[in-house]
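The chains carry the letters A, B, C and D, assigned in the order they are written, with residues numbered from 1 in each.
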Amino acid sequence: MTPITPVHYMVLSAGLFVLGIIGVMFRRNIIVILMSIELMLNAVNINLVAFSNMWQNAVGQVFVIFVVCVAAAEAAVGLGIILAFYRNKETVNIDEMSLMRW
Amino acid sequence: MGQEVAFYTLAALILGFGVLVVTARNTVHSILFLVADFLCIAALYVLQGAPFLAVIQVVVYAGGIVVLYLFVVMLVNLKRPPEAHRDRRRRGRLGVVCALVVLVEMVAITAYKYVSPTAGLPPVTTMGPNNVALVGAALYQDYLVPFELASMLLLVAMVGAIVLARREL
Amino acid sequence: MIDLLVIPLIKIVIVLTGVLITVMYLVLLERKVQAWVQVRLGPMRVGPHGVLQPIADVLKLFIKEDVTPVRADKFVFTLAPIIVLVPAIIAFAVIPFGSTVSIFGKPVPLYVADINVGLLYVVAVASIGVYGIILAGWSSNSKYPLLGGLRSSAQLISYELAVTLTFVSVILASGSLSMVDIVTAQRANGVWFAFVQPVSLFVYFVGGLAETNRAPFDLPEAEQELVAGFHTEYSGMRFALFFLAEYANMIVVSAVATTLFFGGWLAPFPTVPFLRVLGYVPGWMWFVVKTFLVLYVFLWIRATLPRYRYDQLMRLGWKILIPLAIANVIVTAVVKVALSY
Amino acid sequence: MEPDVARQMFDTDELVINMGPQHPATHGVLRVVLKLDGEKVVDADVVIGYLHRGVEKLSENRDFTQIVLLTDRLDYVASAAANLAYVETVEKLLSLEVPRRAKYLRTILAELQRLASHLVWLGSHAMDIGAVTVFLYCLRERELILDLFEEFCGARLTYNSMRIGGLPQDLPPGWDRKALQFCDIQIEKLAEYETLLTHNRIWLERTRNIGVISAADAVAVGLCGPPLRGSGVARDVRKDEPYAAYAEMEFDVPVGTRGDTYDRYLVRLEEMRQSVRIIRQAIGGLPEGPVMGKVPRLIKPPAGETYHANESPKGELGFFIASDGKSTSPYRLRVRPPSFCNLQALPRLVRGHLVADVIALIGTIDIVLGEVDR
């Protein structure tokens, strides 16, 4: 077996990222779409940590913390919007979220 | 040897759970797989010598964000499946194409890097296994302003979420 | 090879059996203590003074029919109790039961692992348990468990914040995230953190009561509007897993309290000359004794206090404990900086 | 889960929850249909009748003496109080004179019964709010009262302890000394319950300002007994229309100020102290003499009707008896049960409170379903 290099992590990360894209594109349920976005963010994090490990520099890890922050903010606001939307329309299907007002 | 086995196992688990997240019909199952995925990613961080991040990953992602998803799924209980739509494959095809393009591009980049390795550069600093202090120092000294901005972002998000989720919009 | 695999495995087996047996007898202890407080005798029939009662209980739970509601989500319904139990047990991995002892001339540390983010590991592991509770409520496909599950998980998440904040001030006081280092810091300071961080101890203990769903925060067990909370639909062995997890969590909370605030395996009064003899008692025994004293307080409180209402419980968590914990962190940080000058 | 059930639960629509008749916290077979908005109770509908045994109708086919037995089964945790109210009503109908000693003994028994009933109330009320220990402590003292009753009349729950015209028998020797001993114990233990509850923050939070009812409202709804006094109305049948030997006793009628659950708790605790005071006085001044008056062998009251009320532990317990003058059974017997009247206030009390408070409020009005449904 070849030793694990950052390239391995990059391939893994790319795979996870693509899974996220497929989720965003394929699914209609906006909650699953948000979850797919979380997957993509995590793919990015894997890369950042791999590079941090490769360069033996803590900055990569610091950025992961920021990404997690952003993800948390995104989830809170996104889910708040979903709840508000659901209360009015009783759906979480993204195709029905085409109106700018209701 | 141990590291390789661990990496490949975790990689397989991460990708496998990722597939399940995207494909699961039941949203709650989807969330469950997402949690499992995040736990595996946390394990991967441990493997990469970032135990602090691993714990953050579990506490914030698995213990916080995904619980939020779970709560919302339970609040949003649906009469009809949200997937129902006339033209089911309309964007799906686009998605596959997009994903393929991205995948090819990424594989190309990594393959290119692989044949002309730039690795071997000396590490900027040496991080021991106990790098929590290093991360802390970087976070609170070099990146203080972004840190404060991030906290502002979280505050704004919190206020926004509360306003949005209130019953009377 | 022996150091890498065999010894940790042996330790894991010992800790696991120890925890399970302790849980069994903790239930008996609880019933006995409750009974004594309430001028009763408690279990008396199985064995002398009921010492075999736990075995009878476990047997009964094994034999009982395991009911799965017809329209339940079977996969999640089965998984939920496991998700609750596993974090409760793996949290023991970082708890230092004692310092290093030598067995057959070989130094063996009395903990499964000393990882440098030990305390955060406990927090992380505890945050996973929430899933089991929500999913148990959801998968039962019944409205009482669902409401109970949502309530319990909201309770756990709220109080987890307060508990984590108390950890921050302990970390500030000790300067380390590792459980072993926290204990040694208490030896170096010559004082247990219970006396340095009394506010932390208070907030931690109240939060710990709430996180383990114990009285006066035992809303899931209140036979009131939510019947039995998230585990209403569970029976037999799967119910036993929830039960096991609750008591294992109690032990974790007590063990962490012992480590953080009561000097872990350290003997009390090391400086008092005529109490030196206490130092000859092995460290792990001190640890067990202290943990059980904390556990006793849990049981004592249950026998004494009425129950909070849900909204009062949330108010206590968010409006009293969390601000108190934050203020404590700030004060600790300021004092620490001031002392270092 | 059913989607519409989910919507009911989480949306602003009202959710209807059935509490009882099989529910661990409704003191018997009470059913309360709660309309909830989230956690808040919008309205409550009390459904009764699950324990209806037709006591009033049964009475029309029994002798006057046999009916004492039926009154035992009304408020089964305070049967002596119901016995007393009934026999006094018949005595009033017959214009019978009861010996003074019997009156004193009846007073003692009625007050012991009040203590026993209040102990059951305090225990179950505290247990509903989560203080299990208080329940066991209360039952421990109630046990002593039951022992006293057992020694007096041989029964521990349904005493059948009164007769028209007096009492079935005199006290066994040494009984009065034991009763006094019990009084000392009870006073001491009351302080024990109070240390567990009265100044307990959680208890205060669970009972203060919960189920507030103003004096005017309380009168309008028809509350009686401790809940009425908790709202500040000093109405006590023992004081206002004295019966048995109460006219000769010295005691206070405690009243509350705010009319909340905590006040009702304090009122009942003080009543227990006053009960002990009355028992001590009555035993101290116990006159000698017979315990049975001159009663005709066949009880056949003259035609007419009468109403007589007692202060039972739950409130004003009254009996209305109409006699046609021809038969040895009442033409019509009607019970005015305090639990029933107090239960009417429940919807008004719970409105606007949370579901968990409903339990505390069912506890605070102290109902016994045997009496409500009859």
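The definition used in the following text is that a residue touches a chain if its C-beta (ideal position, glycine included) is under 8 Å from a C-beta of that chain, and two chains touch if they have at least 3 such contacts.
The structure presented is a predicted model; accordingly, all values stated were derived computationally and were not measured.
Averaging C-alpha coordinates per chain and comparing to chain B, the farthest chain turns out to be D. Of all chain pairs, the one linked by the most C-beta contacts is A-B. Chain A and chain C have CA centres that are 33 Å apart. Between chain C and chain D the centroid-to-centroid distance comes to 44 Å (mean Cα coordinates, whole Å). If you average the CA atoms of chain A and of chain D, the two centres end up 64 Å from each other.
Measuring from the averaged C-alpha position of chain B to that of chain C gives a distance of 30 Å. Touching two or more other chains at once are residues 1 of chain D.
Touching two or more other chains at once are residues 138, 146 of chain C. Touching two or more other chains at once are residues 52, 56, 64, 75, 78-79, 167 of chain B.
Residue ranges on chain C touching chain B, taken from their complex, read 73, 75-76, 79, 115-117, 120-121, 123-125, 127-128, 130-131, 134-135, 138-139, 146, 150, 153, 157, 160, 164, 177. Interface residues of chain B facing chain A in the complex, by the touch rule stated above, are 1, 3-4, 7, 11, 14-15, 18-19, 21-22, 27, 30-31, 34, 37-38, 41, 44-45, 48-50, 52-53, 56-57, 60-61, 64-66, 68-69, 72-73, 75-76, 78-79, 82-85, 91-92, 94-96, 98-99, 102-103, 106-107, 110, 113-114, 119, 121, 123-127, 131, 134-135, 137-139, 142-143, 146-147, 150-151, 153-154, 156-158, 160-165, 167, 169. For chain B in complex with chain C, the touching residues are 26, 28-29, 32, 35, 39, 42, 51-52, 54-56, 58-59, 62-64, 67, 70-71, 74, 129-130, 132.
Against chain B, the residues of chain A that register as touching in their complex are 1-12, 14-32, 34-36, 38-39, 42, 45-46, 49-50, 52-59, 61-62, 64-66, 68-77, 79-84, 86-88, 90-93, 95. Interface residues of chain D facing chain C in the complex, by the touch rule stated above, are 1, 5, 9, 17, 19, 24-25, 39, 126, 128-133, 136-137, 140, 196-197, 200, 202-203, 205-206, 354-359.
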